Every structure is written in C-alpha cells, then in structure tokens.
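Sharing a structure, written as structure tokens. Questions coming.
Going in written order, the chains are labelled A, B, C and D, and every chain counts its residues from 1.
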Amino acid sequence: MSDGRYADGPTEKCGVVGVSLADRDAARPLYYALYALQHRGQESAGIVTHDGFQQYSHVGMGLVGDAFTEEDLEGVNGSTGIGHVRYPTAGSLDSSCAQPFSVSFKSGSLGLSHNGNLVNTDEVRAELAAVGHAFTSDGDTEVIAHDLARNLLQEDLIRAVKRTMGRIHGSYSLTIMHDDTVMGLRDPQGNRPLCIGEIDGGYILASESAAIDVLDGDLVRDVRPGELVILGPDGAGFDSYQLVDAEHTAHCFFEYVYFARPDSRIDGDLVYDVRRELGRRLWEESPVETDVVLPVPDSGRAFASGYAEAAKADGVDVEFAEGLMKNRYVGRTFIMPTQDARERAVRLKLNPISDVVTDRTVTVIDDSIVRGTTSSQLVRLLRDVGAEEVHMRIGAPPIVAPCYMGIDMATREELIAADEDVGAIREAIDADSLSYLSIDAIAGALGESRADLCLGCVTGEYPYDIEGEATDREVSRPQVGDARAEATGDD
Amino acid sequence: MSDGRYADGPTEKCGVVGVSLADRDAARPLYYALYALQHRGQESAGIVTHDGFQQYSHVGMGLVGDAFTEEDLEGVNGSTGIGHVRYPTAGSLDSSCAQPFSVSFKSGSLGLSHNGNLVNTDEVRAELAAVGHAFTSDGDTEVIAHDLARNLLQEDLIRAVKRTMGRIHGSYSLTIMHDDTVMGLRDPQGNRPLCIGEIDGGYILASESAAIDVLDGDLVRDVRPGELVILGPDGAGFDSYQLVDAEHTAHCFFEYVYFARPDSRIDGDLVYDVRRELGRRLWEESPVETDVVLPVPDSGRAFASGYAEAAKADGVDVEFAEGLMKNRYVGRTFIMPTQDARERAVRLKLNPISDVVTDRTVTVIDDSIVRGTTSSQLVRLLRDVGAEEVHMRIGAPPIVAPCYMGIDMATREELIAADEDVGAIREAIDADSLSYLSIDAIAGALGESRADLCLGCVTGEYPYDIEGEATDREVSRPQVGDARAEATGDD
Amino acid sequence: MSDGRYADGPTEKCGVVGVSLADRDAARPLYYALYALQHRGQESAGIVTHDGFQQYSHVGMGLVGDAFTEEDLEGVNGSTGIGHVRYPTAGSLDSSCAQPFSVSFKSGSLGLSHNGNLVNTDEVRAELAAVGHAFTSDGDTEVIAHDLARNLLQEDLIRAVKRTMGRIHGSYSLTIMHDDTVMGLRDPQGNRPLCIGEIDGGYILASESAAIDVLDGDLVRDVRPGELVILGPDGAGFDSYQLVDAEHTAHCFFEYVYFARPDSRIDGDLVYDVRRELGRRLWEESPVETDVVLPVPDSGRAFASGYAEAAKADGVDVEFAEGLMKNRYVGRTFIMPTQDARERAVRLKLNPISDVVTDRTVTVIDDSIVRGTTSSQLVRLLRDVGAEEVHMRIGAPPIVAPCYMGIDMATREELIAADEDVGAIREAIDADSLSYLSIDAIAGALGESRADLCLGCVTGEYPYDIEGEATDREVSRPQVGDARAEATGDD
Amino acid sequence: MSDGRYADGPTEKCGVVGVSLADRDAARPLYYALYALQHRGQESAGIVTHDGFQQYSHVGMGLVGDAFTEEDLEGVNGSTGIGHVRYPTAGSLDSSCAQPFSVSFKSGSLGLSHNGNLVNTDEVRAELAAVGHAFTSDGDTEVIAHDLARNLLQEDLIRAVKRTMGRIHGSYSLTIMHDDTVMGLRDPQGNRPLCIGEIDGGYILASESAAIDVLDGDLVRDVRPGELVILGPDGAGFDSYQLVDAEHTAHCFFEYVYFARPDSRIDGDLVYDVRRELGRRLWEESPVETDVVLPVPDSGRAFASGYAEAAKADGVDVEFAEGLMKNRYVGRTFIMPTQDARERAVRLKLNPISDVVTDRTVTVIDDSIVRGTTSSQLVRLLRDVGAEEVHMRIGAPPIVAPCYMGIDMATREELIAADEDVGAIREAIDADSLSYLSIDAIAGALGESRADLCLGCVTGEYPYDIEGEATDREVSRPQVGDARAEATGDD
C-alpha cells in the first residue's frame, strides 16, 4: 500500500496533543506538535486553550498550515491547551466533526481531542438524548464530552472521568481539557498510542513521540492502558491515576506497519527499527533471489531495506534500488471518472525507472495489500517496462477483515484477502510469486504475545465486543466496576 | 440624507434581541426578529442560545439571510437565546467584533448583544488587563462581558450586573444571557431603545417594536432607563429590577428622525407619526410655495408627506410627487476612484424624473444633511433637468458635532454645519432657499423636554462625560453608588 | 406584486449596453451604465471590450459592485465594448451562462449581450451541433453567437447578421461586438427595449434610457424593431440598417407596468407617466371610496399616486398614505422551510403602520397579481391590524398565461388567474372588492393598438410561434426572406 | 537542498505540454501530462484547446487537481491543445500571470505556454507598447504572444515565428497554439528541455518525458535547440523547421541535479542514472569513511545511493540508511514569525532517527547548498542526537551566482558560496568535512563539453547577454538573421 492519501490505502482517524506550560503560551508548541502529527489527519486541525479565566478555540479545515493564520494562533491564549488533527471516517466529512470538540456547560468548559473509535456510541448517545442532550454531530467525541460534562455536574474530576470510562467501550486515546486542566486518557487496552514528554517549560501529551522531538523535548514514557494522566498547572509535572487494569493490552500492530512515523517510538519500540526487523523476517520466511529489490515508495522503503540487508547477510547478491518514481503531487482531488482513468491513477502515482527494471528479475516490497488494485497495476507496469520476473513481498499478514478501532481501511467486500487465499491473490495480481509475513513474525518483532495485540484485521477476531463480529478475548470489556461505588472508595 | 448604506449617511451600530420560550426553540423567532432589525446593522448577524445544558452559538458575516443556513439555525438549540445585527464603527470592520459576544468562563457561559457605545472602555479594559484578562477584540462589548463574568465569580447575578453598571459609562442597550437566563439592560439615561414584547409561548426583548410585530406579538412596554429585565424561564413572564434612577433621560432623537423603522414605536411614539409631525412643523416654521414637493427617497418621504399635508391644510395648492428615482442596487462596494466618479455616485443613486421637475419650482425634503455633498449634487441634478427653483427643507436641526453614543455619523471636520451657518450652507449647495427644523420643534413633536433628550450632535453638548467635549448635564454620570457597599445592602 | 427579488414576483432576464468612444476607455461608462440597469439582473455582470488589437473580458457573479474590482475594470482595455447584467431563468443558475458571451473563432472575436428569449433555440442548436459545434452552456446566446460566427466565416458583417436573424425566432435585444465594432440589434417585433444615446465622446446602446442619464447623456431614439445599428469607430455617430420590416410590433407592456425603471423612457413614453396614467384609468374603471389609498411599496406607488389624484380630481376626499412599511433587506436567501414560515415571509417584507390602517377603510394598489399569495397575506395583515374594509386595485389585467419572451413569471399552474375568474380570486384573497385594469386601458395609456403589443401573458395568445400555444398574429414569424439570396442582392 | 517547495530551495518556473490527436478530446491527456509535470510548478495550471471552430480555455490556481473540476475538463473541447503548470518567480504571484496565456486577436486566436526566462523582455515590451499594445501582466509570455500575434497579421505562421525568435533573447521552451495548430519551440541554445512523444492517437510535446510515460506513450526525441515542431492535424505526425542553428547549446545542468524527475530522460540521459553517476564521482573525488551514509530526502537519495555503491565497490564497509525522516506535510503556508521558529522549520521537515545516528560517524549527501541554513541546522540536529562525526558531500559545484534563465534560486546576497570558499562554508555549517562535486565531473557525467552547458550559477559567466553579468560565449546571442529577408528566402 503506497500512501494513506490515496483511494487504495487505509486511513487513520486522528492525532491528539495536549500541553501545560509555565509562563508561555501553549498555542505555538501545540501548532508545531500538530505539524509533526499531520500524517495522522489532514482534514482539519484545531487548538483549544484556556488562560485561567476563559476558553479559546480555533478549528480550521485542511492542513495545519492552512487551518491557522498567525492571527488565529495569537487568538488562542493561555498556557494550557489541547490540539487535534483529523482524518474523517466515511460519512462524516463535514466540518461539524472537526476537533477538538469544545462545549461550554454550566460548571465550566470542556475540550476533547479523540483518536480511536467507540463501539457503543449509539447506545450512550441514546441514553443521553433521553435525558435531554442535543447533539450537533454524529461523532463519538461529542458523546464522550456530554457524558463527561454531565458527570462533572455531580462529581469531582477523577470520579467523573472514571464513570465515563465505565460507559464508553472501544478504542480511545484522548487529550481532555476541563477549564484549564489538561489530561490524557488511554483506553483500558491501549489500542491507540499516547505518550508523555517533557519540553521546555512543561509537559506534553501526544499520539506519537515525533511530536515531542519537534519541540526538542524528551519522551518520558507512554501513557499506560487505562491510565489517566493529569498535567500539573504551569507545566509542573504530572499525576497518574490508574483507573482501570485490563489483563491484556490490545495494541494496534498496524501503527507500526503503516500509520505511525518511522521516527516515532511507540510503547517502547522505534517504528523504523520494527519495520526493518519485519523486512528481515520477511526474507527469512519467504526469500526469493532476484536481480533487484524495489521498495514501493514511501511505505515499503524500511521493509525493503531490512529485507535486502538480510539477503546480503545470507550472502545473496541483490541490488537495493529505487526503481519506482513517486509523483508526490497526486492528491485527493484527482479526477478519475472512468475505469480507464482509475487504472491510470497508479501510473500517475508511480513510474518505473526503466534502467533499473528492464530485462531484470525484481522483488517488490510493500507494507500491505488492501484492495489489490495498486499491486495488480504495479505488476503490470513493471512487466510493461520489461521486467523478467516480478515477485511481491508484503510486510504484514493478509488483511481479511475491517477495522472498527479507528482506521478506515475498507469494507470487507473491498478487501481482496477477505475471500481469496494467497494463491488466488497472486494470480489476481499476476505476480510470479507472492508472500505475506506471518502473524507470529509480527508478534515476534514487537516482542509481544498475540494476546496483547489487536489482530482484528488479520484474524477477524476482535478484542472488543462488536456486534456481528467474533472476539478473541474471554472478557473483552474490561470491568470498570460500579464507578460510583468505587469512586467513594480509594481510587 | 438618503440612506445609511451610502457614504454620505450616518450609520447606526446595532440591533439586539433576546427571547425566552416554552417548549419551542428560540432560534427561528430570533432569526425573524433579526430580519426585522436588519436596517440597524448589515455587517454581521449572530445568535447565541442555551438548552439548559450547554451554550450554542452561530455568528456569520453579512446580512441575516447570508449569515445563517438552515443547518446553522438547526444547530443553535434551546428555548432561550439572544441575537445581534451589527454595523461597524470605523476601524473595527473585522469579524472578531461580530456579536453576540460569547465567553465560556469558570462559572458558566455568558453571551452579550450590545447596541450603543461606552465612553470609558479604555479605562475599564486597562483595569481588567491589569488583573490578567486577555482581549481578542478592541470592542467594548468584550469589556462588558469580562467585567460581568469576573463579578459573577464572586456575586449573584443581579448584584454582578449592578456592579458592572457602576463601572461602565456611556450608552447601552444590552441583551444578556448567563447560562440559560436571558436579560435586558438599558443604560441609566435610556439613550438607545429597548422594548419588551409578548409573543406566542413567551417573551421577547428587542431594539424596536417592529421585531415584535414580525412575530405577531404585542408590545408590552419599553425597558426603562436603568432597568434590568430578567425573562422568566420557559417564557414565563419577566421580572424587573430598577438598578439605577437618573433624574433625566437622554433619549436619542435621531432614532426618530432617521434610524428606526417608521413602523416601530419607541418610548411611546410611532416613528412614522413623529416624522409626519416633524414634516408638518417644518411647513409651519419655514413654508415655501412651489409647484411640487419632492421627497428624497426613502428617508424624506414621511417628512414630505406631512409637509405637503400641512401646506394643503393651509390652502396652498402643491403637488406631492416622486420626482427622484432611487436606484436600490447601489451598494457599498461601488468603485469610485476619482472625484468625477464620486460626484457620479449621486447620479447613480438618484435620477430626476424630468416630467415632474422640468420648468417647475420644487421643494426637496430630506431628513438631515451631514457632509452636504449629496444635497449639493441633488440641487445640481434638479437644475440640470430644468427645475426653475430648488428649495431644500430639512426635518432636523443642523448637525454640528459628532455622535459618541453609537452612531458613526462623521467627524467634526466632515460635518458641513460644524463651521458654516445656514446661509453659507445654502450657498454651498446652491439652493434657492434652505431651512432646517428647530430643536424646539423636535422636542415638541416628541413631547419631551430638551433636558430628556440627547442633543449632542445638534448642540455640541452631551449628556455623558466625554473627554474634550462639553456636557449639558449637571451630573452627567448617574450615581450607581458604591456598588459593593450597596450590593451587600438591600437592592 | 411587490418586488422582482422575491419569490412571488416575475423576473426579467437581462440588461444590455454597448459603447463606442473617442480617446476614452469604454470600461467605466459601461460599468456605470450597468449600475443603472442593475434592476434588470442581479445574478452576474460582465464587460467585454476591444482595443483594436485584442479582446478583453471580465464577467463576475453577483451585483455589478461585487462583480468588478478596480483592477478588473482597469484590465478591460479599449474604447469600444459591451456589457450585460443577468437574471437567470429557472434551471440555468450556473455561471456558464453569465454574459457577455465571448468567443474567439478563426476570423476574429465576437461578444454578445442578450436580453430576451428565443423560441427556436433547440432547433438552431441542433443544426449547428450537426456540423460540429460544441456548446458550453444551454443558453440561447451561445447559439446566436455560434450562428453568427459561422456566417462571418463566409460573409460580410451585415449579411451575416441578417442571415442569423433569418434563423433565430423569438424576442431579442442584442448588443454585439465583432472585433472592435459595436452593434445593437432588436428583433423584428421589438419585444424588448433598446435605445441609442449620445454621451460625452461617443454613443451608447442600452436597454433603458436611465443608463444614458447616468452618464449625463442624451437619448437619441429607440432602436427600431428589425433594425441593426452599428456604432462608428471612435465614437463617431452610428449607421442604421433596417434589415427586416414587420407589419406589427409586439412591445412588451409589462416593461411599463413592472420591469423598467420609472425614470426610463421606452419607445416614446416615460414609464413613470405611464404608471400614473394607468392609476388614473384604474380609478375611472373601478373607483371605490375609502378613507385611505395605500400603495404596495415600491411597485404600486406610481399607480396609487395616479389613482388618488384621479379620485381627488373627482372630488373624492381620500388620504394617500404609506401604510405598509417595506423591509428592504429581505433578500433571496431567506430561509423558509415550513408553510408557516412562508406565510411569515410577507410579514417580514411588509408591516402595516397601525395608525394609518386601524379602524379605517383602505384601498391597496399594486401593479399585478401573480400567484396571489402575497395579496392574500397582505389582506390578512391589514385586517389583523384593524382595517375595516380592504379593497384591492391592480394596475394590469389578470395574468392568465406564462411568458416565453424572457420573463420568468411563473408556470401556468402557479398563476392564480389562469383558472380563476376575478370573483374567485377576490374570494381567495379575502378582499372586500378586487378590480384589475382592462387591456384596452393599457393600450390606451400607451397610445398603441392591441395589435402592436405582446399580450401573451394576459390573453394566452402570443405574437410568436410557440409550440403548444396559440398566436394572435396572422404571420407571427416575420419573413426575413432567403437570407442568402437576399444577401447576394442589394440590402 | 531538500525540496523546491521550501524557502531554502530554488524553484523552477514551469512545465509545458501540447497535443494533437485524432478523434479524441485533448483535455484529458493534457490533464494527465500536467500531473506528471506538477513538480515543475504548483501555483497554477491551465489548458487551452481548439475544436477547429473556437478556442476554449481554463486556468485555475493551485495544483492541477485543485485547478480543474470534472466539469472544467469537459468544457475545454477539441482534439488539439496546450497546457501549463506554473511556479512564480518573485514579485508575480498574482493570477494574471497564470498560463497558458491566450489572446484573441483580429486574425484568430493564440495560446502560449512558456518555460524559461527572456532577458530582453522590457525592450520588446517597450517597442510593442509604443505601437499601441496594452499589457495585462508583467510576464514575458504576454510579450511573446503579442509580438507573434502582430507578426501573424502580416506573415505566414513559420515566418512569423522566426521573426519573433529574432526579437526575443533568453531561455524558452514554448508550446504554442495558433487557432487549432499546436507547435513546440525551443530557444537556439536549448536551455530548457522539451521533447516529442507518440501517444495513442497522436503526438505530444512536453517538458519532460515522464509526461509521455504517464500516457503510455513513447519518447520520440528531444526538440532540437532552435527548432520549431508543428504537430500535424488529427494527430498525424509532426513537421520540423530548424529556424536557427547555434554553434553551442547551453543546456541547464541543474535540471539533472535537482529539477527534473529522476524518471525523465532529457537530451539523451536518464536523470536517475545521471544522479547515481554524480554520486559515484562524488565518492571518487572526495571519499570519506563513516559508519553510515544518509541521504537528505528526497533530493539526495539517488546521489547517496551512487556514492555508497561506489564506496562498497572500493571495498569500504558503509551502511546506506534512511536516517532522516521527512515530514511530507510541511507546506508553504507554515507560520514562522520568529528566528527561533525559522530554525524550527528544519526540525519540522527533518527528524533524525536516533538508532541510525547516535554514536556513529555519518556522511550526509545532498544535491546542492543554496543559502546554507538547512545544511547548518541539519548538522546541528545530527550532533544533538549524538552523531560522532558529520561529513557533508554535495552532488553539484558551489552555487556562486544567480540564475537568469528561469530558476528562482536566490539573490547573490543570499547565496552562501557567493562570498565564501568551501573551508569557510564548512566552518559556517559546522561539518567535520565538506566537499562539492567539480564542474568537470558534471560535464563528464553528462558526456557534454562545458561549452555546451549553461554554468552561470556555478561560474558567474552566462551563455546569454545579461546586463551587468559576464558571458562565457563569444557570440552569446545567436544570429537569427534579418528575419524578413530570410523569410523571403527558402527556410
């Protein structure tokens, strides 16, 4: 899969961030951090801040650079704030879902940035609607915000958060602002990433550590599954509240394979190293000797480099070369009215460099196959320009089922591996050979047991209760307990 | 003066409205009411509502019809709300001043719609800035909102409002929403209009009674100078709190002469009747017998009709005719780069109908003269088309000084009557004769003593303390008392 | 009918203009002239000029003032040019129909501004398409342009125009520019107006004489039906070519009743005088004595003034007063989702002034009734405010059929008078009495025989061949002759 | 230099294309071809076509995908056309310079797409203005168009083009359309690229061969310096007219180093191969043994791969790794108000991957150094993350002078190498060592003599007459001869 911006790729929903600083406005650090998270969402960008007296908000459509003017940035005052970049899921392209979601209610203001996807949104929304809540969007973030705001009318902050955790089910990494207090919250199974960093004058919460790097900060640690982190006022440290303990995590392995930046460190692993290691294991599991190893740019590059390195370590003489030129300007608005044109889209994106490919055997390395259209046309392009053999190696297992955890991959009908086995797919894309990486190789490279990963898209069994789908957990919904009872206890 | 939308006319700052209803959304009635107040401001329009849980807001640029889509209207929920249409004063054309101004602060939310102009904004802003308030605009509404929000952190609603009244000085008619409570507040001298109406399912506060008519409602009464009116929840009546009593009012007579709709009833008088009566008195004070009486459309029409009626009642045979055709499409964006073109502007706005004017003596009736350019070109136009004599009669006294109370008339340098007497003006505009109405005729037609009117623009003496200007009051600033002391007492 | 901008009113398609000047750029005079014609079209405005070497064009959406910036005006060079303001007919709201239409073809460039409507567009378009012409819009102007350009490849200018006249059938007043030559052309029956004026440094063609007034010019005469007028280069006079002679004209009487500016003089008559005369005849044909005569502003004002004048001349004591206040800001974008709101629209547009109406008998004067909704609600409004009797008098005959000549009145189904007689309409609108003006009164006031007027909308018989409709002409389509044959002769 | 889209990089002015097809619309192939040339200009995109009868044009701002809707594409009819993507030079950001430039003049229509820069524009414009031409932009394309149009009024096509070539001096690759005839023209020294391809149903002219690839076409050959190529109607072949013969070419070597796509073949060489070869020669000229070789993405990748390959061929054990992660979303609108933020810009664009860099010696390979800011911050970044040594190797000679041939590199004052020698630059950027490639290596890799290259930016001596600059040619301005005399001869 070549790029999340194209029709053929999966799309990640969001990037979140939050900061608390001493004596500095939060806006600019949030703005830089959102730039570093831009790959996680290009539809809208927003910042909500608080200066101790009132809340400020600016949300704009498009890239971070388009969503904010200098004046907009100067208008969001105060030393605490949260930010968000958004990639829409199907059916909610409109601006009413742009985040952070902010609401002014009777006991103050609330801001929320959400990455992930709830699986019981409709249920919670219905309960809230029944007691009079009006919703302006169909997003799950507004549901979380209303539930939390409602709880805050009756309880203190930590109990209110815990009570909300008890009602919502699904994947979520949240940065939250209640008046001028900034918090981070990760769902009990830690599906989506969230980490804590120390920056000049304070602390930051962010989806990926690359957002900390860009501020010359240091990664402190990941937020733990089920943990609430409250940043101290004026950038003074942070407090941790482990609100829920789940037996197993359900980390998304696809963050490593595709979504996250190679230079981010997630739950202990540098993404770039993971990809190179997956490339090495790909060689070990399914080596093929060809004249040249070609990455599909840019997503396959780290895999291909690990693959070629492992081959050379095995004494195989293979050239690692950029044989596919990527046109970086093929954006979302490309007009492709006919099937002919749809096929041309790959031609517009990727052009083989004939001197590298002609009259040679080639191995093409990509991170994943979703619909198969890109792969199939890629093979044809390479054959057209004179490749003698075309072998495909994929750095992930076949994607057989949709994602309900916040990634807009494709419907089951669109997934080529949902119905077809590897042999049939090889035939469909007309490759001389095709191999995927095994699930065990994934777990091995990450050093995690299969039980601690969310493997829904490659097994069809999910770590959450999803209507109409199987689960791979005994108790998929972690018990938050009777929040009220516990809240009167000693959490 | 022909129209507030043209360069030559004065401009009124705003229209405000507020409603509380039983079992109905406030948005649509507010929207209709703003339509009826559109003449008071065409730059932006906005509505802020509350549904008991949270605040909703939509503010858009341009006319009411452009500022709101159907979807926007459906997005502002709840049965209480306030609205605003705005006309900018010089130097604050940007959207950051669009209203209602809303702010989310620690003890809830606040919304404000303001018509009028404070004269001590800088002083109050400086005090608030000194204790840490950040301002996003240079408007006085934000200053009132911050002061009130600050007071609300410490005191109950009514005391907080009274304390704010003690700090701000100038003209103001406000509709205010604290969480879901809607209030109306008029400055101690009642400079700008504000009235209360009963409509289907509740109550309304509005700048003019025409906004009540459009909702098929009934005018209850005007809000009294210095009075705070709090609309009951669910449209259940209203409570009155007379927070300040000033000895004299300072009603703006220009509302009657020019700004208000003819079909509005302000402080007891129907504007249309006032204008006809002013026309009659104009004939009594300075009759001139000509073949035809021509109104300058549309502002002079009611005056001209009263004038012609009085003439006929005196047995004078005069035709009342529309001899000036107005082009209704000459908007603000007209390009007038050269002096030649600037003069052509009047030609574009007004075209004489030759059959009415040629070879006849004419009396032209207008409501006021500001810079004199329009009048001067009008006389020339009429002479060009063959008028034998051109007499001008003006339904107000000469404007000799600027307005500081919320009307962007012109600077003193631009006012033709600031330096010139009536004879010199007549010469400048080349009319055969020119007469203005007297101040006493204004007071007489309104049935008010001069001491109860704001006559600043026609006398140069103001009912407020304005730096560098004279006052016509012994104690221009009504004593609100020591707000804190009194607040702990029994007001 | 109160205003062409509202849902209930008919809408005129366009205004056209053309100038040729000595030593001056044409752009600014065209711009001012378009301002004066703005009432004929508010959707788009455009100017096409030529400087002897190349053609320049600027077309923008919206009002003239919005469509052009100072820079735009400076970019259209040259001393000859044409202009256009456009009102869309149903189904062609998009910008591709904005005019002037300009085309660059092998023997030069062509620009066209069109007011009117062809009735055989489809036929001509099909013929041109058959020989390879591609059309970018569904407008009839492009069809005329292509036909003329095609003819120009083979013939000289005058013969080419004549040949095109032989092919197109319907109403048209055109200003045309071939390279730097400006022409005016009026259809053989002169349905739409077009006149010639002399201005400083040259000559002008315009839909209405008010466009000449605004440039301080003098009306020379109307372009004759079937005449081609070619403006001389450098503003040097004009030449006339009577290309077709029709036995009868088919002037649109509705221009006088509603569309044209009161201050325009069309085919010899000042529109304002015509309306006053129609008002007088209305009194003569159907007098009713009431306390007050109220015009529906602004369209009914001249009628009402003539009506009241005639009444007084008959010794009847009636007051002529403005009893309906018009809200000038109710634009096209007003949101009216429900029937309730649709009725409220009239309330938003028109508010009765109670002191004028309450407890009195009133006669309301309007220019026409289309759907009847406005009239019906108007009567209700007046009764609500306490009118004792409400009589309606209409300054035109009942509209019983649609217009095919360039006015978007309504479909036959929507016209209240298509099926109902006057008694039924009176009942439907709940007036105490209702009278329309007779067709003979129209002809009389205009001093024209019925045979020289287009009366299609009030008789259902048209002066053009319209599929499915009756004609009131023996030979409705004037014979242009065999254009080719004649072109080789001596015209 | 990392990317032409950032402040620090040079910028190429344009990409041009032209097609003639049988029985197919030209619009879609032009659109795809512009996509393939998008890297040559992102400010605007346009297409001009002709269907044998009339000219069609659509030009939009932004990327190709933003500039055209499906409807826009369908509106440009005909089987011949030209296209353009544009990158503005300083001071001409406005839309009036967007291309293709089209003009409708008395003997038909003309369209021009221009890549390059004239050095005598002012002179030619002044001559044309003197005879009455008005210009709407300050661009040189309009000047060429007017001169050619003027010549076409008097002469046949080929002579007119030759006469225009005799007047204009500078670099140009043009695609031209006169009515429906498409032509390509390259300046006598062939400074900018232009090639001919055969595609399905016809022929194409394009700045780079990648535009032919995207249409599945075949590169025929480059257009020769001084050659006019006229595409036959209906896609039927092409004719060549060698209008001028210059002794030497002046190919821009920077096209190979930076601008052109790696997969394009220009004047006989595949750009990717040239870059790899330059990388190999860089190792040969200035080898340094380090733990790892890092490309600056994406511009340095091919160089680094050739460099590492040559090192390994010499038996040196060096890792080739992606150690700098590029954020692909840092666009032009990034807000960088302070110096602090300006430095942060590099941090936002490039993030070192610590596992690759920490505690290691690194060689960073880039294609060029313009201002030096990026390099200097890059070295700091790598040192911050723990690199032991940082060596820089640059795949081009030092840039010591500005480009006048169509590349907006920088002013002489901004160029770090204009005043500083390599030692001083090394010190300024704080690298452990720094080496550039020699001019001879460039010439060697391209297989061309220095006399056939434009080396202005690395020598300060130009192949064109530029006021205030030295030339490296004996006769820099090729003699076109007396165009009229020759035109009457036998060319």
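Everything below uses one rule, namely that contacts are C-beta pairs under 8 Å (C-beta built on N, C-alpha and C of every residue); 3 or more make two chains touch, one makes a residue touch a chain.
Because the structure is a prediction, the values reported are computed rather than measured.
Counting steps between touching chains, the shortest path from chain A to chain C takes 2. When each chain is reduced to the average of its Cα atoms, D sits farthest from chain B.
At the interface between chain B and chain C, over half of the residue numbers appear on both sides, which makes the contact a same-residue one.
When the interfaces A-D and C-D are ranked by C-beta pairs in contact, the top one is A-D. Rounded to whole angstrom, the centroid-to-centroid distance between chain B and chain D, based on C-alpha atoms, equals 61 Å. For this pair, chain A with chain D, the centres built from the Cα atoms lie 37 Å apart. Separating the CA-averaged centres of chain C and chain D is a span of 54 Å.
Taken chain by chain, the contacts form a single closed ring in which each chain touches exactly two others.
Those residues of chain B that touch chain C in the complex are listed here as 28, 31-32, 35-36, 38-39, 42, 63-66, 68-70, 73, 210, 213-214, 216, 261-263, 270, 272-273, 298, 301-302, 305, 320-322, 325, 327-335, 337, 341, 344, 347-348, 351-356, 384.
Contacts from chain B toward chain A in the complex involve residues 51-56, 75, 77-78, 96, 102-109, 132-134, 136, 146, 149-150, 179.
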